[in-house]
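For reference, chains read A, B, C and D in written order, and residue numbers begin at 1 within each chain.
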Amino acid sequence: MNSGAFILIAIFTLAAALAAATLRKLMHAALSFALAFVGLASSFFLLGAEFVGLALVFVYIGAVAVLIVFTILLTRRDVEKDRGFNWGGVPIAVAVFGGLTWSILKTQSIAIVAPRMPALTVKQIGAALMTSYVWPLQCVGLLLTAALIGALILVIEEKR
Amino acid sequence: MTPTLQAFLIVSTALFSIGLLAALSRRHAIFILIGIEMMLAAANLNFIAFWRFGPHHQPPIGVMIALFSIAIAAAEAAVGLAMVIAVYRHYRTTNVDQLDQLRG
Amino acid sequence: MVGLITAIIFIPLVGALAVCAWPQRNGRPIALMFNAISAVCALVLWRNFDPTSSGLQFVERHAWIPAIGAEYLLGVDGLSLLLVLLTSTIVPFALLAQPVPGAGRAFYATMLIMQSALYGTFTAQNFILWFLFYEMSLLPAFLLIKIWGGENRDRAATKFFLYTFLGSVAMLLSFLGIYFAKGTFDFAALAAFGKNGLLTGKLAWLAFAGIFVGLAVKVPLFPFHTWLPDAYQTAPTGVSMVLTGVLSKMGVYGFVRLLLPLFPNEIKIIGPWLLGLAICSIVFAPLAAWAQRDLKRMIAYLSINHLGYCMLALFAVAASPVVGATIDMQAALSGVFMQIFNHGITAATLFYFAGLLERRRGLRGIDDFGGLMQRTPLLCGWMSVAMFSSLGLPGLNGFIGEFLIFKGSFAIAAAFTAIAVIGLLVTAIVFVRAMQSLFSGPLAESCSGFPDLLRSEKLVIVPVTLLMFAIGIAPQFIFNIFNATVVQMARLFG
Amino acid sequence: MNSWIVTYLWFVPAAPFVASLIILTLSNARRRSAAALAIAGQIAALAMSILAFGQTLQTPGFRVVQNFTWFTFGEQALRLGFVFDPLGAAMLLMVALAGLCIFVFSVGYMAEDKNFTRFFAYLSFFSGAMLGLVIANSLLLLFIFWELVGLASYLLIGFWIERPRAAEAAKKAFITTRIGDMGFFLGILWLYGRSGTLLFYDRGNGCLESAGLAMLGASATFIALLIFCGAVGKSGQFPLHVWLPDAMEGPTPVSALIHAATMVAAGVFLVARVYPLFSLGPINGVTPSLTVVVWIGVTTALMAALIAIAQADIKRVLAYSTVSQLGLMMVSLGVGGVAAGIMHLLAHGFFKALLFLGAGSVIHGCHGEQDIRKMGGLRRLMPVTFFTYAVGMMALSGVPFFFSGGWTKEEILHATASWAPSHAPYYLILAGVVLTALYMTRQVIYVFFGNPRATAEHAHESPRAMTMPLIVLALCAIFFSVVLTPAWPWLHGYLTGEPVHFEIARLIQPMLFVSLVLVGGGVAAGIWIYRKAGAPERDRPAEIDPLEYAQPALFRFLANGMWIDELYDRTVIAFSWASARLSDWMDRYFWDGLVRGFGAIAQLFGIFTTSVGERGINAGVDETTVGTRGLGRLISAAHSGQIQTYLGAVAIGMLALLLLYAWLA
């Protein structure tokens, strides 16, 4: 793990996220959103969780970001209207950030470096998913199916 | 010199706060969804970081939770975006300021 | 006899279902029938109750949610039994009160649900179960005010709900804190911990404050009382009767069952302040009652005053820096229990009469009546009995409780009790003034067509009033219910 | 051996109670049965009283106690009881006898009233409570009956309920006496706390017996004074005397029974009953509590006598006279003359009942007129009433030898003269004696002498039912003096338990001449001042009192009861009412405001998040009102319905939890 890489990734991720949160044009924001997740996935790689990072890229950039773009297109007529920014959220977000950071910095026991650890293989993950996590896995599958059907029903044209 | 756990946690906190900012301050429903996704991702980062810095476990709990959380986030995004479309069809707007039927 | 308490709790619930399924719009007969059944069960409970034993009786214990220490644990001691009997008396009495405009099946079903919740609150011995019933009584009360109340009902109902709900949330948080520290929700087990300090440091004070606020709102104790006049004034007569007769007792019950045993040390430290709050309830509430023109609002304020006496005695017992003599502790506790029962009956009766007057006149301001004694002597006579009972005239029930409360408190906290006597005086002023403007003077034009007590009304009033006389003259039968419990509690606090 | 009646003494009060209960269930039309029942109950009580009284004659210092447990709370028994001793026996007899006379009188007096049955129910109820009061062996039981007689008094003063003034007077009586009762109540609590029992006598453990008294110590003085508060309220002592004159709004038999003969004397009886408490811990031979009793009594006696001179209402004169006489009894108790005070109480019971019934007869004869200036010349029109009234007047004025009041007043003067700390009470009481003779002479001259004025011309003698009780009471007032003479002070001995001997020489004492002169002087002054009261004189119109003519300001001061009512109105009552309004206001605005303040804090961020946005960018055209509309509805505004507001609340709540956790850790 390299500090330089970490700093670069962190700056990239946060900048993209900030852009996603504040850019006025919705389409630009959606693209920045995807970029932020690229950064996040890189930090997962940095942490040695390559599989999760890949999953993140597939799911967020491959699916969620695309969905967002579709939605933007589908609700196009409404999108262009500028509706401003609610400044009341800023102090709250800053306060939350401050509070959490303060408590993280105050907690000395987590100022540790990463221990040495054997690499996590996809095989291990697969074994875990098929043995001890098989039950949750089925549930998630069910959930995804339900979400799929639910989303379909939601967007089906209302009958006049 | 390598980054400590604290560094990752602070990045995650920052991401979380940015997500919160998006959810609180933008008036477009899609932004709220984007904000929520970011907050969830920040939580995932935490899981991974704690897994990496914590004692060694088999199976890797943090990774597992992150995986499931990503799956659930995907489901949530699908339903959420579908709702945005449904709301837009119904009210002809995606401005959350105007969506206040729950007003007390 | 196992399952008897469960039966008492669930019979009203079954009744609520039956009322909903009843084909006719008027659900009152069905509701009364189920009331009668549960009252008979309560009487059986009383009949089989062993008055010499101080422990819990008829205990039913089943595992419920073991993960969070929740048990289905029911049982009665003297205090619980007293309150179960009170509930059995007041709820049918309230159902027989002035019919509520627009009250259909839903009204009676809601009342029955509330009754069930009340039974549950008074018999549950595990916090989770207790809290479930406690909250279960709150929602029907809110709906009853909100849907069937008079003017300003929205405001009053919202205020009532917010107050009591915030109080409940505070209490729940406190109990979660206690649970994480001690790992049990069992009242008896917690009380055993309480002796040596349940929690320590700031956490103890937080937990104490949460429970205190939750219960003080319910009683209500000054200055958490401002929801009460609005709620009682607006609620339909029958609901006011249950609110003052039984619901307010949940707060006192909570103080006796939870706060006092769990936090003896904390109470001792801030004891004088608590006594001061009780005194404020006792003195300011009747003064405010004096300034009211609305009959129901006036009775509501006096209700605060009467429960203030209970609080005075409880705090004197628990909060006094000097440990009182056994006789004083027992007198104060007996007085509190007696007062709980008496106030339930008397205040409900007063609301009943306010309802009768309102039904005849359409209004209920004190100045809207005059010279009723000439037109409706019976109504005035029986109503005076209730008023004199409330102001503590010897020979009627109110006196017994108040005498014992003052006897016990005076020996432990003399100065506070001496001030509290002002409350007795002002209460008398309020009632005598009310009697003057309602009953005496020339007959008001608007009252000249009033009918006197109808037969159906007499059938309700006479038994209740006879009960007042019975308790006032020969109260032993009530004392027998809780004497053993009093002795045990006095030992616990001593 | 004691006869059954001593064991079942509670039968005596029970008889009128039962009668009262039965009468209450009768319909309004059954007047005869109501009156018959009430009188039967009273006769039963009287018969049993006489029977019981006979028992007490056998042994000096007779005392029988019957205690029982009222109820058990916790492990403690609350015990009550009845005691029968000379003090109670004498009171029992007086109450029953005077009561019976008044009951009979009421049959005639109230004959026209439409609520006749209710009246007798109340009267019987009162009688029962009063009889119970005098034989109670527990301060608590005494207090219970004490409150019940107060209730009866309240009901009977306000009996003519359609008159607003009667209702007002009833309210005033109830509340004023209750002020005193609250002190009494505290006294009971204190005594109970210290001695552990409220029984007077309990085989050496009672609170009036040596073991109980020993436990009191220094608190005895305070307990005694608190109990005295009750007596002050009930017996119309200064400063709580204001209710008694107003109580005359009730029917006259009520005034006679309750507000002259029996209930108002209960305060005196109470002090006599718990006298050991008062005499505990003397300093220089006098206890502080008794000193207070003396001075309150003196103040009351003199003040009320002065006020009585200027009253025009026949009943109010008597009412103030009652207040004054009760003050006299208090003085007597305070200086140590317990027996003298009680004797005066008994004698006063008879002659004041007589006077009130006489006044009732006069009012009845004059068709409801109560103003003595409008009467006159009634001695020819109402001869029986006149003679009996004259007997009562002489007894009250204290004419010695033949009238009971004379002897008892002698005794009181004796006792007061020998009071060590001060002679002032003695001289003040002497002045009171003169004033008493003066105002009674004034009243009798106004009512019975001169020429009939105004309504008095058509006056008629009252029916037999009313005159018979007058005669009986007059005879009582005269014959009662037999047992009071110093030559054979039987009653004195009976009350104190000391043996007495007949000794004619004691009849003539120096004090006797002093009081003869004073009473004679008072009567003479009265005759001289009021010789032409009812008729115009020089430039004085007939309706103006000669004293008023001479000293208008002073007279008005006295006629209005020294403005004490007005003083209370403007101070105590105004203050209480103001605090009531203040409490109400505080509740509505201050406390409720605080609560709303909390609600406002909860909604603050709701307004904050939206309105900051408005000002910060102000781009919105159509959404300007959304945020501010919440201001109107204080509590519900927090529920803006906007998802972002809720989310913000969650964030703030999380922060709060974080801070809380940090504070705890």
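Annotations for the structure displayed:
FYI, contacts are C-beta pairs under 8 Å (C-beta built on N, C-alpha and C of every residue); 3 or more make two chains touch, one makes a residue touch a chain.
This is a predicted model, so every value here is computed, not measured.
Using the mean of the Cα atoms as each chain's centre, the chain most removed from chain C is A. For chain pairs A-D and A-B, the one joined by more C-beta pairs in contact is A-B. Chain B and chain C have centres, each the mean of its CA atoms, that are 49 Å apart. Between chain A and chain D the centroid-to-centroid distance comes to 86 Å (mean Cα coordinates, whole Å).
Averaged C-alpha coordinates give centres for chain A and chain B that are 6 Å from one another.
Taking each chain's centre as the average of its CA atoms, chain B and chain D sit 81 Å apart. Looking at chain A, residues 83-89, 92-93, 96, 100 sit in touch with two or more other chains.
Chain D has residues 609-610, 613, 620, 636, 644, 648, 651 in contact with two or more other chains.
In chain C, no residue reaches two or more other chains under the touch definition. Looking at which chains touch one another, you get A-B, A-D, B-D, C-D. Those residues of chain A whose C-beta lies close enough to touch chain D in the complex are 82-89, 92-93, 95-96, 99-100, 103, 106. By the touch criterion given at the top, residues 20, 23-25, 32, 95-104 of chain B touch chain D in their complex.
Of all residues in chain D, only 71-76, 118, 140, 143-145, 147-148, 151, 154, 158, 161-164, 166-168, 170-171, 174-175, 178-179, 182, 185-186, 189-190, 192-193, 196, 576-577, 579-584, 586-587, 591-592, 594-595, 599, 635-636, 663-664 touch chain C in the complex they form. The residues of chain D lying in touch with chain A in their complex are 605, 608-613, 616-620, 644, 648, 651-652, 654-655, 658-659, 662.
Every residue of chain A that touches chain B in the complex is listed here, in rising order: 1-3, 6, 10, 13-14, 17-18, 20-22, 26, 29-30, 33, 36-37, 40, 43-44, 47-49, 51-52, 55-56, 59-60, 63-64, 67-68, 70-72, 74-75, 78-79, 83-90, 92-94, 96-97, 100-101, 104-105, 110-115, 117, 120, 124-125, 127-129, 131-133, 136, 140, 143-144, 146-148, 150-152, 154-155, 157-158.
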